[in-house]
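First chain A sits with chain B, and in the next complex the same chain sits with chain C.
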Partner chain A sequence: MPRAGRIALALTALTAAVLLPQVAGPFWTGLVTQMYIFGLLALSVDLLLGHAGLFSLCHASFFAMAAYTTAILQVRYAVPTALAAPAGVLAGTLLALVLGLAVRTRGVYFILITIAFGYVVWGVAHRWSSFTGGDNGVTNVPFPAVGAWRVESHTEYYYLVLAVVLLCALGYRILVASPFGLALRGIKASETRMRSLGFACGLHLYAAFVVSGALASLAGVLYVYYNRFVNPVAASFPVSVEAALMAIIGGTGTIVGPFIGSWIMLGLRNWVSSFFALYASVMGLVFIAVVLWAPDGLVGLAGRLRARAQKAGAG
Partner chain B sequence: MSEPLLRVREIHTYYGDSYVLQGVSLELHEGRIVAILGRNGMGKTTLIRSVAGLTPPRRGDVIFKGRPLRDQPPYAIAQQGMAIVPQGRRIFRSLSVRENLLLPTSRLARPAAGAGARRTRWDLDGILEEFPQLAERIDHPGGTLSGGEQQMLAVGRALMANPDLILMDEPSEGLAPLLVRQIERIMQSVRKHGHSILLVEQNFELAMSVADHIHVLASGRFVFQGTPGALSREGEVLDHHLGVSGRR
Partner chain C sequence: MLATRDGIRGLPRALAALLVALGVGTASPAHAQSGPIKIGLLPPVTGPLATPGRDMVDGFKLFWEQAGYKAGGRTVEIVVADTTCNPDQALTQARRVVHQEKVQFMVGPLCGHEGPAVAQVSKETGVPLVMDAAGADVITKWDRTPTVVRTAVSASQIGHPWGDYLYRELGLRNVTFIGQDYTWGHEVTLGAVRTYTELGGKVAKIIWNPIGTRDYGPTIAAIPKDTDGVSAVVVGVDRVRLFEAWFNFGMDKKLKIFGGYWLHQDVLPQMDDRAIGLIGNSLHYAAGLETPENRAFTDAFARKHKRLPSWFAESAYTAALWTKTAIDSINGTVEDRAAFLRAMRTVRVNAPRGPVRMDEYDNPIQNVYISRIQKIKHPLLGDVLTNVPFKTYEAVSQFWKWTPAEFLKRGPYKR
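And then the complex of A and B:
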C-alpha cells in the first residue's frame, strides 16, 4: 500500500477508535476494550512466534501472574495503583525470567515445556486458594487511580487502554525494526547461520522471551482493572492457545495482525455465542479455514489479494 | 616465519560413530588462500565445520591467532574474526539483501575489531561497490536472487563482518562456468584486501588458480600438500583422488 494510503487508513482507524465510546453503547465500548487488551496479549505472543519462531503456549501465565499480583495488592493490601500496577508487570516479568529457561529447547519440545509451565501456574492459581481465592479468584478490584486522577467509568478506562496499547505498539515497532529485531528474524530463519555470524542465539531468544512476558504482563494488568476480578481462567491453557490463534489468524510477524485476530476471535465469540451454543466449534472451523486458505493470516491474505488485483489491473 | 593465522593440529572429528577426519593438520598464514581439494564425502565440509566449531574435533587443536579454540561455541569463534560462506549459499531468504548484509555488523554480534590497519574496513557502500549487482536488488528478499547473486551476497555478508579469515565451502557449486570465473576474481580481490581464505572445493581449476597452497583430502586424511605447481606434477594424486587426468 502506498505511504499516503497507509497514513490515511491509520488516521481513519484512530479517529474511529477515539470516537467509538461517543457513538457506541457501553457494551461495544467494553468489547472493544477487551479486543485491545487481548490484542496486546496476542502481540506479545507474536514477538516469539512471528519474529523469533518460538511457539509459546504459556503466555496466560504472565498475564495471570500480573493480574493476580495487581488484584491482590489492590484489594487485600490497599496498595495504590501507582505501585500495584507496576508490581503486577514486574511479577509477570520475573516469572518470564524463570520460565525463559524454556528457550533451551526448540520446536515441539519448546511447545511442550511451555504447556507444562502454563499448567503449573494455573494449578497454583487454582489450588492455592488461601492466597489466590481458588475458583472464586480475587474480586472487587477498583478502577485504577493515581493520586488525584482516577478512572471513573468504562469509557474513561477505554481511553486509558487505547493510549497504553498505542504506546506499546509504537515501542514494539521500534523494537522489531532494531538490530535486535533483525537478529530475531535471522534466528527464526536459521540459528546455525546466525551462530556462525557471531550471534549468541540462546541469549537473544531469552531476552525476547522476557520482553514478550513483560508485554503479556502489561496486558494482564490492563485486564484486571477492566474485568474488576481475576480467577484461574485467566491462567488457563485456552487463554494461551487463543492468544496464539489470534496472532495466527490476523497474521504473524506484523503489528496489526494480532489485533485483527483478537477482533475476529472476540467479535465472533460474542456474536456466535448469542445464538449458537457450540461457538467454540465455529471458532475451530474459522481457524482451520485460515490455516488452509490464508496461512499468512488475514494481513497476508489482504496483501496477496492486492497483488493479484494489481496484476489483473496491469494485464 | 611468523605464527600462522590458523593452525590445525592433528584433528580427529566424528559424526556420531563415523570417523570423518583422521588426523588432519594444516597452517594458513595471513593474506593467503589455502584450498582443500577432494571428492564428495571425503570430509571437506567437516573440516570447515571443525574449524568453525560447528562440529568440534574430538582430538587435536584448532589454533586461531595463536589461541586454541577448544570448547568455544561457534558464535564466540565467529566473534574472534572468522566468517563462513556456507555450502549451498545459505543466505537468509526471507530477509532483504540489505538486511542480510547488515546482520553481521550488528553490535549484538560484536564483530571482532580485526587486526586490519593494512586491510580494508568493509561497510555497506564498499560491498555494493564491489558487487554492483547487489546494489540493484538491495531491497529484494534474498530468496529472489539468482544463484550467482546469492553467492555474491554470501561472500558480501562474510566480508561485512570484517573477518581475518573467511571459510568458503564450495563456492563454485552449481554455478555456470562464467560465474565460477567471477567467483575466482572475487576471491583474488578479497585476498588483495588482506583477508585470508580457507577454501574447500571440488572444482579443480578454481582451486588451482586461486590457492597459494593446496591440500588434497581423501577419506579423512591429506594425501598431498604443496603448491598448485607441485600438484600438477603429481599424476597419481590427480588420477586417483581428484579424477582429473594427470597428463595435463
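And then the complex of A and C:
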C-alpha cells in the first residue's frame, strides 16, 4: 500500500477509536476496551511467537501475577494506583525473569515447560486461598486514581487504555525494527547460523522473554482495573492458549494482527453467543479456516489479496 | 448537479433527524413504566456446567409460562445471556444485558466464581441482582452489595445441618470427609465439619479432590480403616466417578457412605439401582418432597421436559416466583430499584422447596432436607430414581445456631 494510503487508513482507524465511546453504548465501549487489553496480551505473546519463534503457553501467568499484585495492594493495603500499578508490572516482570529459564529449551520442550509453569502459577492462585481469595478472587478493585486525577467511568478508562495501547504499539514497533528485533528474527530463521555469526542467542531469547512478560504484565494491570476483580481464571491455561490463538488468527509477526485476532475472538464469543449456543464451534471453524487458507493470519491474507490485485492491475 | 447540492443541503437535516432519533432513544426509559419488564437471566448455557445451566433456564421459563409472562400488570421479557461458567464472560454479558438490553434486573449466575463478577456489575450500575444458584458464602456475609439479594442458598447453610445429622442421627463419631477442592466444596464440607466437631465428633480425615478428578481409587484407598462413616461432597462429573469407584472397589460391603451433596436429580439418570437406599443429599430442595407446591411444580416440569427437576431448576423457578411476588406487591414499578429490593427482602413465598423468606443479610431462611434415593412410580415418567426427604431441619439460617456477629467475626471457611 502506498504510504499516503497507509497513513489515511491509520488516521481513519484512530478517529474511529477516539469517536467510538461517543457513538456506541457503554457495552461496546467496554467490550472494545477488553479487546485492546487482550490484544496487548496477544501482542506480548507474539513477540516470542512471531519474532523469536518461541511458542509460549504461560503468558496468563504474568498477566495474572500483575493483576493479583495490583488488586491485592489496592484493595487490602489501600496502596494508591501510582504505586500499585507499577508494582503489578514489576511483579509480573520478576516472574518472567524466573520463568525465562524456559528459553534453555526449544520447540516442543519449550511449549511443555511453559505449560507446566502456567499450571504452577494457576495452582498457587487457586489453592493459596488465604492470600489470593481462592475461587472468589479479589473483588472491589477501584478505578485507577493518581493524585487529583481519577478515572470516573468506563468511557474515561477506555481512553486511558487506548493511550497506553498506542504507546505500547509504538514502542513495540521501535523494538522489533531495532537490531535486537532483527537478531530475534535471525534466530527464528536459523539459530545455528546466528550463533556462528557470534550472537548470544540464549541471552537474546531470554531478554525477549522478559520484555514479553513485562508487556503481558501491563495488560494484566489494565485488565484488573477494567474488570474490577480478579480470580484464578485469569491465570488459567485457556487464557494463555487464547492469547496465542489471537496472534495466529490475526497474523503473527505484525502489530495489528494480534489486535485483529482479539477483536475476532472476543467479538465472536460475546456477540455470537448471544444468539447461537454453539458459538464455540464457530470459533473452532474460524480457526480451522485460518490455518488452512490464511496461515499467515488475516493480515497475511490481506497482503496476499492486495498483491494479487496489483498483479492483475499491472497485467 | 442540482441533486447533489440538494443532497448536501439535506445532510444537516438528516443528521439532525438522526440526533433527535438518538435523543428519543435515550429518553425512552422515562416512558418505560408502561413497557415490558426485562429480566436478564445469566446461566452457563455452554461450558462445564451446561447441564445445570439448562435446568436453570427451563425452571425459570416454566414459571413465567405458567404466569403468562405477566407481573405487576406488565408483560415480562427474558433475555438469556450465556456466561459459559467463566467470570470474564459473565462480567461482559452482565454489562451487555444492563447496557444494551436495558434489563430492569438480573437473575443468576450459576457458577460460584461468577458470583462476585456479576455482583460487581450490579454494584457499578445499580441494577439489582437476584443471585440464583451461585453459593459463595461471602456474597451474603463479608462482601455484601446493597443491590444484591440471594434467593437460592449459601454454601455452608446446607453443610451445618449435615454435620449435626452425622453426629446426632447417624451416631457417627469418626467420620472421613470427601470434599471437592474449590470454594463451594470447602464451604459445604467445612460447615459440616464445624457443627460435627462442635458436638464432639472426631474427624478421621478430610480428603480433597479437585473438580474433574478422573480416578477415585486413591481417594478410597486413603480412607482410614477405623473410620465409622464417610461423608461425600462432590459436584459435576465427579459424582458419577465416586459412585462407580465406591461399588467397583466393593466398599459398599465394608463401609457406609453418606451424601452431603452428591446424588442430585440431574445425575441420577446416569446411575442405577445400586443408588437405592443411599442418603443422597442435605439440601434445601429434594424433588421427592410431598407438598402440593412441589407436586404441581414437578408435574409441570416433568410434563414439559420429560425429567424431574434438579435443585438448579427449582432454584430458578423460585427466583422467578419470588421476583413476581415482589413485582406484584409494588404494582410493577420495578424502575424504582429501592422499592423492588425492599419488596424482594420482605415478601414471603411458598416455593416448591417450602416456605422461604429473606434474613437481614439477604440470604433465604429455609428448610434443609436430608434425603434418601428411592425408586418411585411417577405418573408421567414411570420408574425413576429420586431424592425422597425423610428428615427436615426447619427454617435454617445461613448462620445456623450462631449469631451473625459471631459467625462474621470467625471469617470464611477455608481449607
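One rule holds in what follows: the second predicted complex is superposed on the first by the 315 of 315 C-alpha atoms of A that agree within 3 Å, B and C clash if a C-alpha of one lies under 4 Å from a C-alpha of the other, contacts with A are read in each partner's own complex, and residues count from 1 in each chain.
The criterion applied here is as follows: contacts are C-beta pairs under 8 Å (C-beta built on N, C-alpha and C of every residue); 3 or more make two chains touch, one makes a residue touch a chain.
None of these values were measured; they are calculated from a predicted model.
Of the two partner chains, chain B is the only one that A:F199 touches; chain C does not reach it.
Of the two partner chains placed by the overlay, neither chain B nor chain C lies in contact with A:T105. Contacts of A:S129 after superposition on the shared chain: chain C is touched, whereas chain B is not. More residues of chain A are in touch with C than with the other of chain B and chain C. With both structures placed on the common chain, the touch criterion links A:N270 to chain C but leaves chain B unconnected. When the shared chain is aligned, no partner comes close enough to touch A:T155: not chain B, not chain C. Touch criterion met: A:G25 reaches chain C, while chain B stays clear of it.
Common to the chain B and chain C interfaces on chain A is no residue. Those residues of chain A that touch chain B in the complex are listed here as 179-180, 182-183, 185-186, 188-190, 192-201, 204.
Note for the complex: chain C touches chain A at residues 45-46, 81-82, 84, 86-89, 91-93, 95-96, 98-100, 112-113, 115-117, 119-120, 124, 136, 138, 143, 181-184, 186, 414-415. By the touch criterion given at the top, residues 52, 54, 73-76, 78-79, 83-84, 86, 90, 92-95, 99, 102-104, 106-112, 157, 161 of chain B touch chain A in their complex. Within the complex formed with chain C, the chain A residues making contact are 25-27, 30-31, 34, 126-127, 129-130, 134-137, 139-140, 227-229, 231-234, 269-270, 273-274, 277-280.
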